[in-house]
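In what comes next, subunit A is part of two complexes: it sits with subunit B in the first one and with subunit C in the second one.
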Partner chain A sequence: MIRRVGSVLRWLVVWLPIGLLGLWSVTRRWPWPALLPTQWQLSAWSDVLGTAGLGPTVLRSVAISTTVALGASIAGFLTSRSAARHARREGLYVFLHLPFVISPVVLGVSLDYLFLRLGVAERAAGVILGQGIVAYAYAVILLSGFWNERIRAFADGAATLGATGLQVWTRVLWPIARPLLAVCLLQTFLISWFDYALVLLIGGGRVVTLTTALYQYFASGDVRLAAACALLLVAPPLLALALHRYPRSTTLIDGWPH
Partner chain B sequence: MYSIGDPRRIDPWIGVLVALVGVPLSAGFLFMLAYSTGLVGLLAHGFTLAAWRRMLTDPHTWVAIGFSFWIGAASLGASLICAFAVHAVRAARPTAPTVPSLTPWHLPLAAPPLAAALLALDLFGNTGLVARIAHALGWLSRPQDFPSPIYARSGLGIILTQAALVTPFLVLLFERLARNERVAELADAAHTLGASGTQVLLRVRLPVLLHAAMPALSVYFLALSGAFEVPLLVGAQYPPMFSVSIWRSFARFDLSTRPVAFALASFYALLSAALLFALFAARRRRESRERTA
Partner chain C sequence: MHGVGNATALRISDLDVSLGSRRVLQDVSFTVDARSTFAVIGGSGCGKTTLLRAIAGLTPIERGRIEVDGRPVEGLAPNRRDVVYLNQEPLLFPHLNLFENLAFGLRLRRRPREEIAVRVDALLSALDLRGLEARQPQALSGGQKQRAAFGRALAVEPAMMLLDEPFGSLDPTTRESMQDLFKQVSRERGITAVFVTHDLKESLRVGDQFAALRDGRCCVYADRAAFCRDPATGVARETAFWSASVEP
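Up next, the complex of A and B:
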């Protein structure tokens, strides 16, 4: 009995929030104190998915997040090797945590002037650069744990057997690192996908992503469209969770790499 | 191939890291300092500490910073209690269950803070689902009778939402740390030596996990104190968290408030960085003491 109640509770905790967002997105009227909407409609979804609606915003969000994730993961992988063997790596890791602890708002306002001078403020490129700072730092912290004694032994072994530098990278390091790189790619994608403050402050209202659209709908009192936006935001990570067990070695979880 | 590098030799990838992370962060900080001291900006008339004086003597500054750290500490504390409770329940099972592909502990990992805040409103607002259920059960007659945590001046809505977002991370963190630190074996040893179940939980599992998790918890504390989206949506107008306070100053058309806003942002950046470095230094000292012992 207790197990059954536990299962029901677990099911509720997982699906109630998503169900509630789904319900709001198809609601026309939901007066107090009704437990369910009294009138329904699908117009929020046709607005969201239509070409005049959020279609371009979704595409822009995907493009920005994909660029940030790819750039941060590739650069992070190459940099993490140098960071892991750096004589002052502990100080370096502390420094890399700075973008996470100084608040996204402070980061956004501090970058504003620099990006204005660089001509990338209020443009998608500026948002990518701003989010890239956080994602790149994150990728280096996450991937530094990869460069351990075992990897060193593999690489040295391959080099001793005659592999060239390129072959060591492509035939030894890349295949071993692939699962961790997939984790890094997903995490850095989500850093960008979930970001609101940097898009708002660097994008200056001209770069609209799903998060800024959600806030705009919410602020204008349109809960239906805000809920539809929220569902679109939750969809990619939820899909990743459902298809694949969520990566457990998340980095901010680990704190400083050892 | 992996020898420790010479710190005087600049590694090209470390150079890239400094250029892409260090330079923008430093330049941004210097800009904020320059703006707040009247050296740059549309209203700049030469060096002055007026904005810093105004910021430091304004009681709202200390309310905003104090409130931010309270929210950070309370959110982290609530998450820690929930995560440790989950750890204790899982540890009490005879065999550790394998985690299925989608569990409640994973779901908030898929939720952006904005969506979580929207959900908090839909669930716990005065006309939210919980209030409607309470009405259906006859516990209240009007929406105003529902003791909603949303927009509460205590920050309860923010704390609940942030705790819901962070708890899954801590559950997974504890799970990993318990494996690394061999907590199950330590608990078995304590049981064998006569410790009760509660003693094992509070004297063995909790201190070991907290000690191992401390670096990550410090970063979480600072990140939660500087959160923006959740307080923006479910926080009260007053007291504001400092991030919301800074944003409001920038959202105004009145440019005269900007130097003070930049002073507040610089002050908070300095404070967070100092706390981060202090926590890191304390950890290094503790580790070096433990190695010596």
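Up next, the complex of A and C:
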């Protein structure tokens, strides 16, 4: 019974806000105390996907977040081994936590100054670099836990069985790390996807992503557009949740996952 | 019965190994006959694992010479030494099923598909693992995992196998059956092995040649009798204990 109540509560916590956003995005009139809207319309969605020009914004957000996630996860995976085995790793981890300890605004202003000098401020490349710093630090912290003695023993065993350094990475370390790398990819994608401060400060208003567009709609008081935009914003984590609930079985052919 | 084989398969000369500032192995020298098992006994922290890792190329040496089948290997990477190291734990790759674990080394060597199937099939039979080939390692028992790890090493037919207390985590019954299996398979296939253990009985069950490691120094015995006679190995103490236990 308690388990059932718990699952209903979990379901409500996740889906109730999303359901409300969905309702708001198609509402024309919703006077109090009506339980449901009294008049409906789809203009918010046509505005969001059409006249408001959110199509290119969505594509830009996806491109930026995908680049940040791939870059941070791959670089994090390759360098986290050195970090985990470094003699002064404690100090290194303190340094890696800095992007999360200091205020995003302070980080954004500091990076903006640097990126102005590098000529990448107010450009998507600058936003990717800025978010990449935060995502990379997160990836190294997350993936450092992977490099334990057991993994080292797997790599050593593979080497004495005849694997070259590259084969140890491709045939042993990479496949074993795949589930953790998937989590890392998703998390770093979401770090970038939901980022507001760095886009605003480094992008300087010229680089518009879904989060900055959402805040513009909120500021303008257009709840319908804001709701439609917010639904687009939560789509990636919902997709990840759905994929997590229905994992596909992995087939191995010739020692490679397919 | 010293040495089942005759030619020298492994020669270690004046080996020194340090881990950080600590000297772990000092002036270690011995030879292992081809097709025989060199049992090395020693307590925790005496350098047994370091000795095997140094031979396998997984731990750098400070000084000395390592020859496998007359070929100096101390400058070679682990994958080029033709020496397989078996860990204390049966570390089967968790992303591969049993068949693919056994075939791992053969696939690295790009052996033809048919040959891999035949050789893995023979190993499954020899190690009593038939019917389990599609299972993931998590679905195998401790003894099955250990047999599979042994089979994975056998599959590549290495010049030398280095076994680091491979049966230490098994229950006594499974452990004895694994020791018997190891002796049987190593005799059938003419395997040369260095087998380190802290278990006196195990060393006597699997070994053809004997040595003891104490404080990083290796004491090699001329034969089984010399090993048993040395009070430092503890054989006499064990014999006295069991005699006193059995007799009223």
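Simple rule for what comes next: the second predicted complex is superposed on the first by the 225 of 258 C-alpha atoms of A that agree within 3 Å, B and C clash if a C-alpha of one lies under 4 Å from a C-alpha of the other, contacts with A are read in each partner's own complex, and residues count from 1 in each chain.
Just so it is clear, contacts are C-beta pairs under 8 Å (C-beta built on N, C-alpha and C of every residue); 3 or more make two chains touch, one makes a residue touch a chain.
The model shown is predicted, which means the values in this text are computed figures rather than measured ones.
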On subunit A, which partner's contacts cover more residues, subunit B's or subunit C's?
-> B
Could you look at A:154 and tell me whether it touches subunit B, subunit C, both or neither (first, second, both, neither)?
-> second
Answer with first, second, both or neither: which of subunit B and subunit C does A:167 touch in the superposed model?
-> second
Tell me which partner A:60 touches in the superposition: subunit B (first), subunit C (second), both or neither.
-> neither
Identify the partner contact of A:98: answer first if only subunit B is touched, second if only subunit C is, both if each is, neither if none is.
-> first
Is A:175 contacted by the first partner subunit B, the second partner subunit C, both or neither?
-> second
Is A:136 contacted by the first partner subunit B, the second partner subunit C, both or neither?
-> first
Thinking of the overlay built on chain A, is A:226 touched by subunit B (first), by subunit C (second), by both, or by neither?
-> first
Would you mind listing the overlap between the subunit B footprint and the subunit C footprint on subunit A?
-> 156, 159, 250, 252, 254-255
As the complex stands, subunit A meets subunit B at residues 10, 13-14, 17, 20-21, 24, 32-35, 75, 78-79, 81-88, 90, 92, 94-107, 109-111, 113-114, 129, 132-133, 136-137, 140, 147, 152, 155-156, 159, 193-194, 196-197, 201, 211, 214-215, 218, 223, 226-227, 230, 233-234, 237-238, 240-246, 248-250, 252-256
Can you check the complex and tell me which residues of subunit C touch subunit A?
-> 53, 56-58, 77-79, 81, 83-87, 89, 91, 93-97, 100, 103-105, 107-109, 152-153, 156, 162
Sort out for me which residues of subunit B touch subunit A in the complex.
-> 1-7, 11-14, 16-17, 20-22, 24-25, 27-29, 31-32, 35, 40, 99, 101-104, 106-107, 109-115, 118-119, 122-123, 127, 129, 131-133, 135-136, 143, 169, 172-173, 175-176, 213-220, 222-223, 225-229, 232-233, 242-244, 246-247, 250, 261-262, 265, 268-269, 272-273, 275-277, 280, 283-284
For subunit A, which residues count as touching subunit C in their complex?
-> 150, 153-154, 156-164, 167, 171-172, 175-176, 178, 250, 252, 254-255, 257
